[in-house]
Every structure is written in C-alpha cells, then in structure tokens.
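In the two complexes below, subunit A is the common chain; its partner is subunit B in one and subunit C in the other.
Here is the complex of A and B:
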C-alpha cells in the first residue's frame, strides 16, 4: 500500500518575514522538502535601473531592516569597482567598524531571542524572558550595543544615512567613538559569556560535510572584502562570481536558487565563514572557541549558534581595536566619478555572502543591477538538510516533527525579507 | 517622567504598512507641545529603547488580520494584547511580541496605548491604498483630540476590549 503524507509548516515563527516549509513523504521516506518563498520578482533590481550610480547604498539598504549595512557596503564596493576607485585605509576601517555593529546586533538577536529558546525548550524569546529575564536582558543589551555603534557611525541604526559611495558623508569624531568603549568592553565580556552559555546546549545529532562558500582576506577574518573561496578549492575575485554561481527558478518558489559550478549545493554564512577562516581569528578568541568545543570545521547547522557567538565575540573585539586605532578619514569620502563599466562587490552579511553587480553608463545611470542575498544562496542547502533531517524523524508526532524542522530552519537564520521580501510559513500533515 | 511619545511603525515602501507612519506624520504636523514623535521602520525591538523614558506612549501600526481594510483596532497594554496584533509581517517581532516581551522584562511604559489599522495591500513599492486613508485620518483625529487633553485625563472612555 502506498502511504503518502505531507507536513506543511505555514508561517515559520521567528524567521524574518514569512515563509512556508513543506515536507512530502511516500512509503515512509521523504521525497521532497521545499522551502516556499514568495518573491516579488526582483523588485529592487528593477527599481535601480535608470537611477544614478550614487543611489544604490540608500535604496538597497531598505531591502532589510536587520542588515542594511551589508547592502550598503556591497553596493559601495561594486560601484567603486566599476568606477575604478580604491578608498583610503581609514574609510575601509570605518566601514569595518560599522559592519561590526551590524554583526553584533544581528547575531545577538538571533542567539538570544530566536535560536536559544529552541535549545532551552521555550516557545519563544518571550517565554524565555519569563523564566530568565536576566539572560534576555543581556541579549538585548548586546544588541543595543551593536545598534549604538551603527548609530554613531551611520547616523541611525535602521537604514543608516551617513554612508555614501566613496565613504561617509561625515567621519564620526574620535570622542563620539570613545564614548562607546565602556559599553563595548562590557559587550566583549558578555559575548565571551555567551559562547560559554550556548556551548552547554544539547545539540541534536545531525551534521555532514558541506560545500562552504565565504570571503577570505589575506590577514583578517572576512567582513568587508576578500576573495571568494570554497571548501573544494574555489578561489576567485568577486568579478568572477557570475562565471561560477548560477541562479535559477524553481516551481515552488519565486525566490531564485543558486548553485556553484553547475550543480553544487553550497552554504554561506557563519558556519562557512568560520570553517574557511578559523585561522584568521585572534589567538585569544580561537582559544575561547576551542574551550567551547568548536572544531575548526563546523558540520552541524545546530552548532551554528556557537559559531555565531564566537563571531559576536570577534565583532566586539574588533570594534574595540578599530576604535582605539581610529583616525578620522580626511576626506571622509573618495571622489567617485562615473565610468562606462561594470562593477562587482561582495561582503559578508551576518547571514553570509552578499553579492552586488552594477552596470553603469558614463553619465552615471545604472543600466543593470544584480543582487544575490545569502538566504537565496542557502535555500538549496536548507532544503537538502531538511530532507535528510526529516527522514530520520518521521516517527515523531506532527507537532514534534514540525518543531524540530522549524528549529532546523532557524539554525540557518534565514532572512526571508532579504531573499524574498515577504514569506508566509505554515506546517500541515496530510 | 511626563513625556508623551507617539510612535508610528511601518514601512512606506510597502503599501499599507505605512499606515502607522502616516498617522505619526499627522501628529507631528500638529506641533503639540510636550509630545514627541518617532517613526520606526524595521526593528520593532527598538520600541524597548524608544519608550524607555516615556510615561505615556501611543503606538500605531498596520494590521493584517483578515478584517475589512480600514478597520481600526485599539489596545491598552495594561491587558494582554488581542491575537490580531500578532499579525504576520516583514518584521521579526510583531508589536504584540514586543509588548509581551516588555511585560515580562518589566519595561512597559506606565501607560501604553496602541492603534492598529487593517491594511489591504503590502506589496513593495506601492503607496497607501485609498481604502485605508480614511482610517489613517480617523485615528490621527482621535489621537489629536486625546493628546490635547491633560495627560491625567487621557484614555478615559476608550474601548478596553482591544477592538
């Protein structure tokens, strides 16, 4: 007898935006796992066509309320690449500093309010707050520290207004940054405590080898620049992205899927970044990672919470170092004149690699734009994992299976707003 | 602590999601003394900091509950919020989530009043739909009447059933 069933998770809670997850089984085996994403067809890319080359940092920042800096930085990198401009070291460092703020706020939010409740048996961060208010307050204070950093450098934390092609409208004063030091020192310690806390969680026994993709920088843990590398040896400049990564449409989702070199499913984000760049961590943070039991390569999506905590610690540490060594860029931005050219930019958003490409005309008009967010790139890997993960758990009740699949999806911290702009999530079994 | 704060939540780039922002704009234009105006467009957890020093807070947001567009909802955070404020949306946390989180953490303002306006279109790049502009005006008028009263008289006679 053929016995089929269908588990549908409509409205994954605690995933940014809305999304749907569907798992289809036949004869006790998972035949399909789909993350349904409904994406208004490339609205922002279409909106950018015909606009001026100076506008993408402001326009694309509005794609996501959680990681606007990532969009601004990838946009700036691509446009400066097209126009043949290299910004000063001071501008680069200030960009890295504000990006640290975004990592801090995004990772703190995910760890404390979205992901930790899963491990501790709470339905949500609100329920966690009921029993452990001090823990949640620590998470919120960490998040606020990141927001403050973004506000001081970027003018405001949501959709910062101080960022422009070439650099910044105005460089923050040394004193304004120094005022953040005490709170960042607190945050650094709190982040270290966070690593220890999350490392004690009970992690589901699940993991496998991934094809990881991340940036790699000659000396630093990658945030704002680097070459694109992968577990299997890819090592390319951002300008070669389109030669290796292909986006394509799938019937169940209007968000595009992405593959590497023809058919390889790959993963970007903290697990990929850390696994490909653990040797770029400062020795003291590497020691904390080792103490937390984190191997050099992270094979389990559930352990990503520990990796995020390590990156949170790194971002606090790096922000402090950047503030101590801060020299206001003068001028605060490089002069960027338009050129008839195409430019490519890649940075590491909290959730992974974010690629921008702009074709600009000599008069500064944007002829074509392409934006590939990390969640879009990770969709295939998420679906593949769900297929494998659910296959070993079909004996569970609908409720439990749904819960565990939701937890699995949340491990990737998918920002559905970025990938899809609007997602609806439900769970159902037939 | 006597500050009155009006917070509009939403996103002007997403159609009726801008309803709360539009109400806040109306209140701002009235230049009421002692009334602060704030607009939030994304991270609703920012509310926790936004209202930290305020005594009397009004929050206005768009709602997507399936009711007819333009339906106006009201809540007083002295009581648990009705489920319709846990609307699905583009934000990680709904307004109801943030209010309940604040309740658990003991960080609710002394008085918190919310208004929700049922929207009909939330597509990116669209403007407020005509069906809800009347509701935006009605909520703004109601708020302006209330804000012109002394703070200790505000909120009397308001519906308390959340709807």
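Here is the complex of A and C:
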C-alpha cells in the first residue's frame, strides 16, 4: 500500500443497519480506523418522554427488528425496578424461554447467512446455498425454530405482542409449548453439528486482550438478569451502571461511543459473555466447546462464530429444559403500580449488554429515559481492533485489505439500527 | 432473464426486511425465481440497476435520504413500500408532533443532519403498492412479491382487524371485557394477534379504509379512557397516517 493512503468501504454489507468503515495510514502505519455510522437517528429516548410507564416494551421493541425481546425485557426489568415489583419465578422462566428463542433466531441468522459466507468465500448465504444447499437449509431451519418459539410465547417473532410490564398478557398453554419439543430436539443436535462445522473454518491469526463486560448470575449462564462484571474485576448492580460507564458523541457516528471507568475501551457480546461465564455452561456443552478447541477465554473476533454456535446450542438446550419444567404463570403478570422513582434494567441481548433506565412520576408518566445498546458500546473496541488488525496487513492490496477489514467488522455482528438514535443526550460530554 | 429484486433501507429497525429472511421455507425458492440484485443486509453482491422490483423499508428523515429515494425510484420499474415506517413515517414520526428538540438534545448537533419530520416514502415519490404493518406480515409479503412478479393485483384487503378477529372465532375484548381496542379502525393483516392474547389491538397496521375514528373514540371515552389516553393510542406506530393524526389532534386540542 502506498504512503499516506485511505481505504474506504462506503457501505458495509451483511450487517444490520447502515455503516461504513475507513482506515487512514501514513508512512506505513495506521493512524486512524473508523467505523462510520450514518444510520439516521430516530430519537427513541426523546420520544419516550411523556409516555406512560406501560409503553416502553412495545415502543422500544421498534429499535430493532432482530432483537426486540432484548428491548422488551430490559424495559420491563427497569420499570419493575422503579415500581418496586418482583415478578414470580414462573414469569422469570417464561421470559428466559422467549429470550432463548431470540438468541436462536439471531445467532442462526448471523452464523449461517451473514458470517459463514466470509470463511467459505461466498457473497451471501444465498450464494452459499447454490453449492451447499443442505448446510443453508439447516441454518434456516434453526432460525425458524427460534422464530417459532418466539411466536408461540410472544404472538409473533418481530415485535412480539404478548409482553407487558409485570409479565405476559396471556400465559401460553402447556400443550402449545410441548408441540415445539420435537423441533427443538432436532435443533439441539443441529446446533451441536453447527459447532463442529464452524470450528473447522480457517481463522486469521489475530488476537487481542479485551476488557470484557457481561452480566453474571449466581447459577445460570446470563440472559435475563445478573450483576455487571468485567475482566478487570468490575462487579456492580445495574443501578450503578451510570457511575462507571460514560457515553459521548464523535463526529463520524450517529451512535454514541462508550467507555468504562474514564477511558477504558471494552467489549460486550458473545465473546465477553462466554469468557466471563464459561463455568456456567452445563458440563455436556462445555465438553462440546472443548472438543471444538474453544479455550475458556476467546481473544479473536473471528472465533466469535464458534462462541455464537456454542450459545446457539445452549439456547436450544435451555429452551428444552424450560419447556419440560413449564408451569404457566398464574396470574400471567404481576400488578405494577407506578411510583415516583428511577429504575434500572440490564439483560443480555444476542449482541451483548443492553441497559435501560427510566425515571417515572407517580402518575405513570416517563420523565426521562436512557438506553445503551451493545453495538454502541462496542464501537471503540471494533475500531481498536481494526487499527491493530490493519497494521499487520498493510502489505496487502487495498482490495484485499478492505475485504479482510470488512470481515473483521462483521465478526462482531454489529447492529447499527440498534446503535443509532441514542443521540438524545443531555449528556455529559467529554 | 430472471427479474431483479432490490431491497432498500431508510430510517427503520430492519424488522420488515428481516421478514423476507424469515421466509425460511421460501427464501431459497425466491432466490431461484428472482435475481437478488441489491440486499445489503443479506448479501455483499450488488448489481447495478435498473431493478424490476424494489422493496423499500423505512421513512425519510434526512436531506440525504430525500435525495436517495428519488434515485431508487428512478432505478426501479415497480416500487413497493413495506411496513409502517415506509407507509406512514413510523414511530419516529412522533418527532413531527413535538418542538425541535435538537438544541436541547444534542451535545454536538452540528454533526447531525436530520429533517424536522419523518415522512412516508409516498410523500416523496410515486409508490406502486404499500404493504402495511409494524412489522409486515410474512404471508402478505409473499403474496405481494408473487403478485408483482406475475403481473396481477395483490390480494391484500383494506378491511378492519375486527373481520379477522371474528373469523378467528375470538371473543371481542372490548365488548366482553371492556378492554379498549383499536381493532375497529385498524387495517387487518396481522391475524388479530393482540385480541388472541387478551389485549386490545394497538394499531400497528395503521388505519383501515375509511375508518370511523370518532365513533371509536366515543366508545373509549365511555370505557373511561381520557383524551390524553386517546392521543397516545392514535399517536404511536403510525402517528402521521392521516385519519389517526386527525383523531389524535382532535383530542389533543380538548
């Protein structure tokens, strides 16, 4: 590559939303690597002001069509926290079940249609299907299984209608869930085969020491609740989030960047979740991970496809267990009366930690809302990786370098639709 | 030569184009019938236009997008809009009803270039067919794609959710339980999902053909819903759709 050049990918493909990337070099060194996010902001936090405390599950679902449950669950957790309500164990388990459906749907989509084509040299899952129809059909059937689970519990898979503050409008019948068992058993096996398949890919030789951030639960692999922990020993309740994490605006992105404890770049998502919680995996799934060559800590973004496959397997396994032990919650939802208070909620979206905070008045009006999605938190880690990764590959042609950097970004499964519209800030600028 | 299909995204959540990928049983068949020429969420392969069929998701919220939609229209033989954002401006059209928040809201508003309003695609270019829903229904999407590829009229009806609700044999949540429901004025297509779980319809498919919104509002007031409750109900996912906008304005003024 020539001195003082600029490599630009104006439109990233196979990611959710609209973004590009830019790498600037001078005298053989990378001076800047930027993830440009130009997705138009939609101002959800501003739109929530003045709405009722019962509305955020339906409204914030519309931030992302791929992970609406994550938004609905973080919103419910935060509002119930403000109102001082703890939901029943049955409601908690049913929430975990529909969340498993979202992990299955989202991870299967990323693995098979968005990420695997990079390793196998195809432009899309549809191109991959021309040579390997059975592989792509397996991926689509896995994805469909997740969508079916979301539909049975939530009414539909994109923007489910059955979720409310306090629980569910109607608890699904035992029989309706049992009908999913055979397909989920198939999916569990297919997910195990997926782990083996993706572990044979040829991974670029690249690694990075990350500061990982994820939820941690006393007994379970984290999905719907837990404390926020990090590689360097952070261990806080969701209500302390704002004391440690700071968001700020940069010119090249309509999504805010975020740092931990003043200046630390950190990573959230499957790699972080797994590295901080591998000891919460059931022994049989831990064994599959070991066989696939996955270490307890994952240092390469390219290997995230293996971690995602392990989580896909976990979500199928967990969904089966939850269906076998299912007791319909009665009542299907706790009564939640508004209180003059602030509430905090954190759950693990497929792409990582999703934080919601609501300030509610006694009449139920929302005074203030804050939402921090995973992709927005990961932007700095993605840029840091791009800088390091590109620096070792400057000998490549611009075309090849561009191609490999785009793959590196895709391995994070960035959701740009999610990340954007968080510009609503009475923020605390840097 | 197979007809070419392009999918375009404007301000949106990706959920409507995801609905195309959620046609798991039909996706590979669709890919056999059409050449997917531009669908960046799913494929890196991009073929230059013109395109036989364009599906447009999202609303117009930036000056750049107002330009881009004209280019998309020029490059498309048939242009279909999919979902509440593209057909009505979507949830982000709530900005149309509030003061300009920019100076209050942005740390550095000079980095951002947005319009004061969120508007439907049809406010900017000619649209051949609008498919409603937040999100759109998978079966309706397949019907509409099939219809345009074979040159027939799509079988998508403009009647209310009530018709679907009755056909599904559901008990009316408003008559039987006094639960406020937007079903009588909302376009069908979802399959009456909300009444099926015992909640009132929240209008995510937008207004039906010739809805009687004042009559429904009177019923809601009888059920104890206040004017500000009616404003919020009509002003959510399709706030800028004319009949809902008008009805919300009426109650906002009271």
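In the analysis below, the second predicted complex is superposed on the first by the 414 of 430 C-alpha atoms of A that agree within 3 Å, B and C clash if a C-alpha of one lies under 4 Å from a C-alpha of the other, contacts with A are read in each partner's own complex, and residues count from 1 in each chain.
Heads up, the rule we're going with is that contacts are C-beta pairs under 8 Å (C-beta built on N, C-alpha and C of every residue); 3 or more make two chains touch, one makes a residue touch a chain.
Because the structure is a prediction, the values reported are computed rather than measured.
Visitor: For the overlay on subunit A, clash or fit between subunit B and subunit C?
Guide: clash
Visitor: Could you look at A:398 and tell me whether it touches subunit B, subunit C, both or neither (first, second, both, neither)?
Guide: Neither: A:398 stays clear of subunit B and subunit C.
Visitor: Is A:367 contacted by the first partner subunit B, the second partner subunit C, both or neither?
Guide: neither
Visitor: Touching A:126, do we find subunit B (first), subunit C (second), both, or neither?
Guide: Once the two structures are laid over each other on A, A:126 reaches both partners.
Visitor: Pick one for A:109: touches subunit B only (first), subunit C only (second), both, or neither.
Guide: In the superposition, A:109 touches subunit B and subunit C alike.
Visitor: If you stack the two complexes on chain A, which partner ends up touching A:337: first (subunit B), second (subunit C), both, or neither?
Guide: neither
Visitor: Counting residues of subunit A in contact, which comes out ahead: subunit B or subunit C?
Guide: So, of the two partners, C touches more residues of subunit A.
Visitor: A:89 in the overlay: touching subunit B, subunit C, both, or neither? Say first, second, both or neither.
Guide: neither
Visitor: For the superposed three-chain model, which listed region of subunit C (20-28, 164-172, 200-208 or 218-226) is the one that clashes with subunit B?
Guide: None of the options clash except 20-28.
Visitor: So which positions on subunit A get touched by both subunit B and subunit C?
Guide: Common to the two interfaces on subunit A: residues 11, 14, 16-18, 40, 43, 47, 62, 64-66, 109, 113-114, 124-126, 129, 133, 136-137, 140, 143-144, 147, 157-159, 417, 421, 424.
Visitor: Where on subunit C does subunit A make contact in their complex?
Guide: Spelled out, the residues of subunit C in touch with subunit A are 9-19, 21-22, 24-25, 27-28, 31, 36, 39-46, 61-62, 65, 90-92, 94-95, 98, 101, 104-108, 111-112, 114, 118, 134-135, 190, 193-194, 196-199, 202, 204, 232, 236-237.
Visitor: Given the complex with subunit B, which residues does subunit A contribute to the contact?
Guide: Answer in residue numbers: 11, 14, 16-18, 40, 43-44, 47, 62, 64-66, 109, 113-114, 124-126, 129-130, 133, 136-137, 140, 143-144, 147, 157-159, 417, 421-422, 424.
Visitor: With touch defined as at the start, can you tell me which subunit A residues reach subunit C in the complex?
Guide: Subunit A reaches subunit C through residues 11-18, 39-43, 46-47, 51-52, 55, 58-59, 62-66, 68, 109, 113-114, 117, 123-127, 129, 133, 136-137, 140-141, 143-144, 147, 155-159, 161-162, 164, 168-170, 248-249, 251, 254, 415, 417, 421, 423-427, 429.
Visitor: Quick check on the complex: what are the subunit B residues that touch subunit A?
Guide: Counting only subunit B, the residues touching subunit A are 11, 13, 40-43, 45-46, 48-49, 88-93, 97, 100-101, 104-106, 122-125.
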